[in-house]
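Order of writing sets the chain letters: A, B, C and D. Residues in each chain are counted from 1.
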Amino acid sequence: MDIKVGKAAIAEASEKLSNWGRWGKEDQIGTLNFVTPDHVARAAKLVKKGKVFGMGIPLDSNGPQSGLFGGRWNPIHTMLATGTDAIAGRQDEINRMRYADDAINMPVQAATHWDSLGHVFYIDKMYNGHDAKNVDSRGVHRLGIEHTRDRMVGRGVLLDVARFKGVDSLDDGYAISNDELDAVAKKQGVTIQEGDFVIIRTGHMERCIKNKAWGGYAGGDAPGVKFENCYWSHDKKIAAICSDTWGVEVRPNEGPEVAQPWHWVVIPAMGLTMGEIFYVKELAEDCAADKVYEFMFAGPPLVITGGTGSPINPLAIK
Amino acid sequence: MDIKVGKAAIAEASEKLSNWGRWGKEDQIGTLNFVTPDHVARAAKLVKKGKVFGMGIPLDSNGPQSGLFGGRWNPIHTMLATGTDAIAGRQDEINRMRYADDAINMPVQAATHWDSLGHVFYIDKMYNGHDAKNVDSRGVHRLGIEHTRDRMVGRGVLLDVARFKGVDSLDDGYAISNDELDAVAKKQGVTIQEGDFVIIRTGHMERCIKNKAWGGYAGGDAPGVKFENCYWSHDKKIAAICSDTWGVEVRPNEGPEVAQPWHWVVIPAMGLTMGEIFYVKELAEDCAADKVYEFMFAGPPLVITGGTGSPINPLAIK
Amino acid sequence: MDIKVGKAAIAEASEKLSNWGRWGKEDQIGTLNFVTPDHVARAAKLVKKGKVFGMGIPLDSNGPQSGLFGGRWNPIHTMLATGTDAIAGRQDEINRMRYADDAINMPVQAATHWDSLGHVFYIDKMYNGHDAKNVDSRGVHRLGIEHTRDRMVGRGVLLDVARFKGVDSLDDGYAISNDELDAVAKKQGVTIQEGDFVIIRTGHMERCIKNKAWGGYAGGDAPGVKFENCYWSHDKKIAAICSDTWGVEVRPNEGPEVAQPWHWVVIPAMGLTMGEIFYVKELAEDCAADKVYEFMFAGPPLVITGGTGSPINPLAIK
Amino acid sequence: MDIKVGKAAIAEASEKLSNWGRWGKEDQIGTLNFVTPDHVARAAKLVKKGKVFGMGIPLDSNGPQSGLFGGRWNPIHTMLATGTDAIAGRQDEINRMRYADDAINMPVQAATHWDSLGHVFYIDKMYNGHDAKNVDSRGVHRLGIEHTRDRMVGRGVLLDVARFKGVDSLDDGYAISNDELDAVAKKQGVTIQEGDFVIIRTGHMERCIKNKAWGGYAGGDAPGVKFENCYWSHDKKIAAICSDTWGVEVRPNEGPEVAQPWHWVVIPAMGLTMGEIFYVKELAEDCAADKVYEFMFAGPPLVITGGTGSPINPLAIK
C-alpha cells in the first residue's frame, strides 16, 4: 500500500476499518470476539511436544523504562517479611509460621503487557463509541482489561521477520510492510487465520539484552510495522497483534504529523488487542528448529479492574 | 490418619516427606518437576469444548485484605494518564497520541496468587536446604517465583468438596481429611495423577462474594485441608495444590502449638507449589454440569524477580 | 449570620469574598500573602518557654483512612534494608556500612496535611482564575503546594472551642458559628490578627484516639465551622485555618444541596490555606494551663512538585 | 588530627565518643538532647528580619536518585482526582465538591531528609546499645524518627566552606578538616555552641542544579567532612549536622577498608542526628550579604512510625 501517513490517513482508516457495533453496542473486547470456543479447541490440538515458553520479561528495577514515556517507572519490588527477620526470631511471636512476603508496584505497561481497548482514544472517543471521559482518575470505566479475563487463549503464530531478513535484529526505524509480513508467513509455511494471536519478532529486545542496555527501548525508536498494518490486521481478522518491541509500530513515526499513527486506528477504531514487550528468543529458536510457527497461546491478563492493560507472562505451548 | 498436630508432627512429616535433593541440589521448583512435557501434551488433549475459565479475582480496592495478615493491603490502582486529560487537550503537545495509562501496587499475595518456594521456612531453612537468609530486603535470592515462569501448565483437577457435601460453602474450621478428598475424587469419577494441579473448592470465597463482605477471609478462619494432607499430596505426587481460600489449610489451626502447620511442611520440606484465593464458581458449575472434572490448566506467574509469589489469573480450559 | 446554605449562597460568597487578582495575576499562595516578614519576626517573639509541640499524627497503617473518601489509603511503610539483614551478613559485600532504609507511600492528605490552593475548584476554575484543567494526571500545574515552601511561618492562635464549651469533644454535626469563635477568643484573651494561622480544637481527634477507633473520622461526620465562617476568615484576613478534624467544616453539611459548601468558597474564591487532621491535645493543655493561646507557628510543607497538599508535622512553639 | 581511617580507627572512635547511656538507657534521640527549651527560646531571638528559607528540594521524578544506592527511587507522584475529571463532570455525583487529590511514594531518604538513629548499625548494635534486630521488615522498632517529632528546633549555623574557599563548589573528594571548619566559623564570626544544628555548604548540590544533571550525586562521590569530624562534632556537642550533599562525609572514602566510616561512628556510637541533601543556596547568599550566619532552625520530621528518617523541608528563619 502507498499511504501518506498523517491525520487524513488516520481519519480514512478509522472509518474504513471501524468495528464499532460489529459485536454489539455493549461489546468491550473488540477483535477478541474473533476467537470462538472452536478456535480454542483447535489451538489446543497444536500442542504436540508439551513444550512451554514464557514470554514475560523479568519484573525488577533493571526493567526497560528509562523515563522516556509518560512517567512510567520500572517495577519496584519491596519485601514485607524476610528470611533474615525469621532467623533473627522476629516472627516467632506474631506469626508463628516463618515466612517471607513482598509487594510489587509498577505501571501496568512497564514490561510485557496487554493494552486494553481503553488505552487509546481517537479525538474524544474510545472503541465502540464510548466517550473518552469514561477513563478518569478512578480507572477505565469502559473497556478495561478485566473484560478479557478469559479471552486470551487461542492459536498463536510467530512471524519471525528478523530471521526472515537474516539478521539478529532489525534496525530501529525499519518499517515492516504488509507484503513483508505475508512473505514471512509464506516462507515459514504458515497461514494467518481468523482469531489468531500474531506475534512479530524484530530482534529488538534481544539486541538490548545482548548489549546489557535497554537504552531508549521503551518510548524510543524501534523497528515495527508500518501504518498500513492496520489494513492487514483488519483483513486477516486477527484477535491480537504482539511484538518484542515496546509499541509494535515503527519508530520514528512515518511522517511528522502524528505520533504513533497506527495506534490511533487499531485500538479506537478496530478494537484490536495489542501485546508489547514480548520475550520471544527461545520460542523463535524452537520454531526455526522444528519449522512449526503455530502453537497454542495462553496469555491471561491480571484482572485489574479498570486497567488500561496488564502485566503478563504469556505462554506459547507447542 | 490420626495425627496429633504440633511441632513433633511437623518434624516427623518434614523428615518423611522431604524432597530435598530429589531433583538435584540446584533445583528451585520442587514438585513442579513432576510435570513433564508429556503431561503438558496430554493435558492439552483435555480441551474439548474450548471453554476458558479465568480464576483470578478482580484486583482493586475492594479486595479481600482487611489488615489481618502481615501488613498486606488491597491493590492500589492509580492512573498516570486519563481520557479526561485527553479531552481537556492536556496531551496534545507532549504525547500527540491521546491515551490512558495506569499503575498497580499490591502485595503479591493479596489476591489470587501462587506462593513461591521461598515463601515459607522451617526453622532456618528453605526448600532444598537453602539458608533462609537468602531471603532479605532485596528479594528472594533462591527459590523465587521467576523460576516457574514456564512450568505452570498441566492437567488440572477440581475437587469440589462443598458440592460433595451438598452445601454452598463449608463452614470455617471444617477440616477436609485425606479420605474425604479420595471420596470426592471417586464420586466425581476422576483420579488424581502425578503432576496434577489440584484445585479444592470449599465455597468459602463464594460465601464472601454472596455476602458482599470479605470479613476475615484473608488471614482469618476458613475451611481447608487437615495437616495430614501433606502426606496425601506427597503420595499423589501432585504438582500443585490450590483452593478458593486464602491458605488452603483449615483454620483455626489443628492444635494450639503452631500456626498453619501444614505450611511448615509442604513448602520447605516438599517444595509443593501452592495456589490461593482461586475463584472457581463458574468452573465448578461447569464441571457439575458436564461431569468432567479434569481440564487443561495454565496459570503463568508474572516473572517477578525474587518474588515470594505472584498475582495471577490462572486458566482452566475444557 | 443567617445563611441558607446552598448553591446560591456559595455563588454570593464566592463573589463577595473573592481574592482573585488581590495579589496579582500570577499569585499562587492566596491568603499566605497576609503574612509579612514583620509578622514572622513578631511571631518569633512569642517564643518564651522554648516549648515545642509537634502537631502531626503518626504515619502508619493505623491511620485515619477507612475508605470513605476518594480512594485514600493509610500510609504504607516498607523497608528497603533492615537490621536483620545486617546481622545476617547480607550487606557486608555490597554496602559495607550496615544500615536500614525504607520508603513511604501515602495520599498527601491521608493524615495531618496542608491543602494547596489547587485542591478545590469552583465550577471550572481554581483560585485566581486559573483553569481547572491545569490539574491533570501529571500534577497540579498551577497553585501546587511547592509555592508555599517558605511561607508557612507566622503567629499561631489556638481557639479551643471544646474547652470553651466544657466538653472533651464537640459532637459530630456541631456547627461552630462566627459568634462562637469570637466568644472563644474573647474568653481566651486573644485577638485574631491579620496573617494568623488559626487552629480550631473540637476534640474530635482526641475522641477517636481515646476510643482507639478512627471510625468514620476521615470522610465522615464531624464537628466544625459553619458555612458562614468564610466571611469570618475573610474579615479577619487570616493566613490559614486549621483544625483537629479531617475537613474543618461541620458535617453533615448544612443543607442537602452541596457537599462541603465552605470548601467551595474558601479555596477557589479566597485562596485560603487549610490545615487538617492537626493533633492539638498537648498544645491545648499547655494553653489552658498558662492561659497563652498565641505562639510561633512553623509548618513547612514538603516541596511536592504539583502537589494538592502535603503531609506535615507542623510545630507550635511557645 | 592525623587518623589512619579504617576499622581500628572506627573502633577507637566508637569507644571514645560513645554516648550510650549518657541520656539514660531508654533514650531514643541522642544528641538532640543537647537542645534544651532555653536553647529554643534563645534561637527564636535570632529572628530579626522575618525572612524564611525552605531548604527542601522539590520532590518529583527529576530528583537526585539514579540507582546508585540501595534501590532508592525518585519520588513518584500520582493523582487520585484531577481538574480534568472535574470539568468532564466525573465528580458531580459522587463527590459533589470538585477537587483534586494525589499521593506520593518515595524512599524517606531519597531527597532532603533526616536520618533517624535507627539508620546505621555498628556490627550488631544500634545507638544506645539497642540490638540491630529491632529493625526488621515491619519497621524501626527502636530509635525511629517519630521520637524526634518535637525536637528539631533550635539554633542553626551555616558553615559556608565553599564560599570560604572562594569557589562555587568544592570538588568531589575534597575532604573538610576540623581545622577548616573552625577557620570557616572564625572567618564568619560565628561560634559553634552546644545544641546547634550545623549546616555545611559545599556547593555540590548547586553544581548539579547548574549543570541540570544530578549525575552521581546520590550515592556517588562528593566533597564532605573528614572522618575526624566525629571528634569535632562530639567536642562541640552539636545537636545535628547537615549538608548540601547526600551523605555529609567525603567520598571517595578515606581509605579502602570501609565505606562511609564517619557514619559508622556518628550514628551508632554518638547518636548524632544527620541531615542530608539540604538546599542552601539562598540561605548562603543571604548570610554572605548580611554577615549573619546564625538563625532559628525548624525542621520538623514527618512522624513516620518506625522510620529510618523522614523527607523534610527544613526552615532557616532569620
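As a working rule, contacts are C-beta pairs under 8 Å (C-beta built on N, C-alpha and C of every residue); 3 or more make two chains touch, one makes a residue touch a chain.
What you see is a predicted model, and the numbers here were worked out from it, not measured in a lab.
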### Query
Over half shared or under half: which fits the residue numbers at the contact of copies subunit A and subunit B, same or different?
same
### Summary
Between B-C and B-D, more contacting C-beta pairs sit at B-C
### Message
Using Cα averages as centroids, what's the distance between subunit B and subunit D in whole Å?
### Response
45
### Message
Centroid of subunit A to centroid of subunit B, CA atoms only: how many Å?
### Response
26
#### Entry: Numbers and ranges of subunit B residues touching at least 2 other chains
71, 78-85, 87-88, 90, 103, 105, 133, 136-138
#### Entry: Touch list for subunit C against partner subunit B, complex
61, 67, 71, 73, 76, 79-82, 84-85, 88-90, 105, 133, 136-138
### Complex contact set, residues of subunit C against subunit D
36-42, 44-45, 47-54, 56-60, 69-72, 75, 77-84, 86-87, 95-110, 112, 118-124, 126, 131-140, 146, 149-151, 153, 258-260, 263-264, 296, 298-309, 311-315, 317
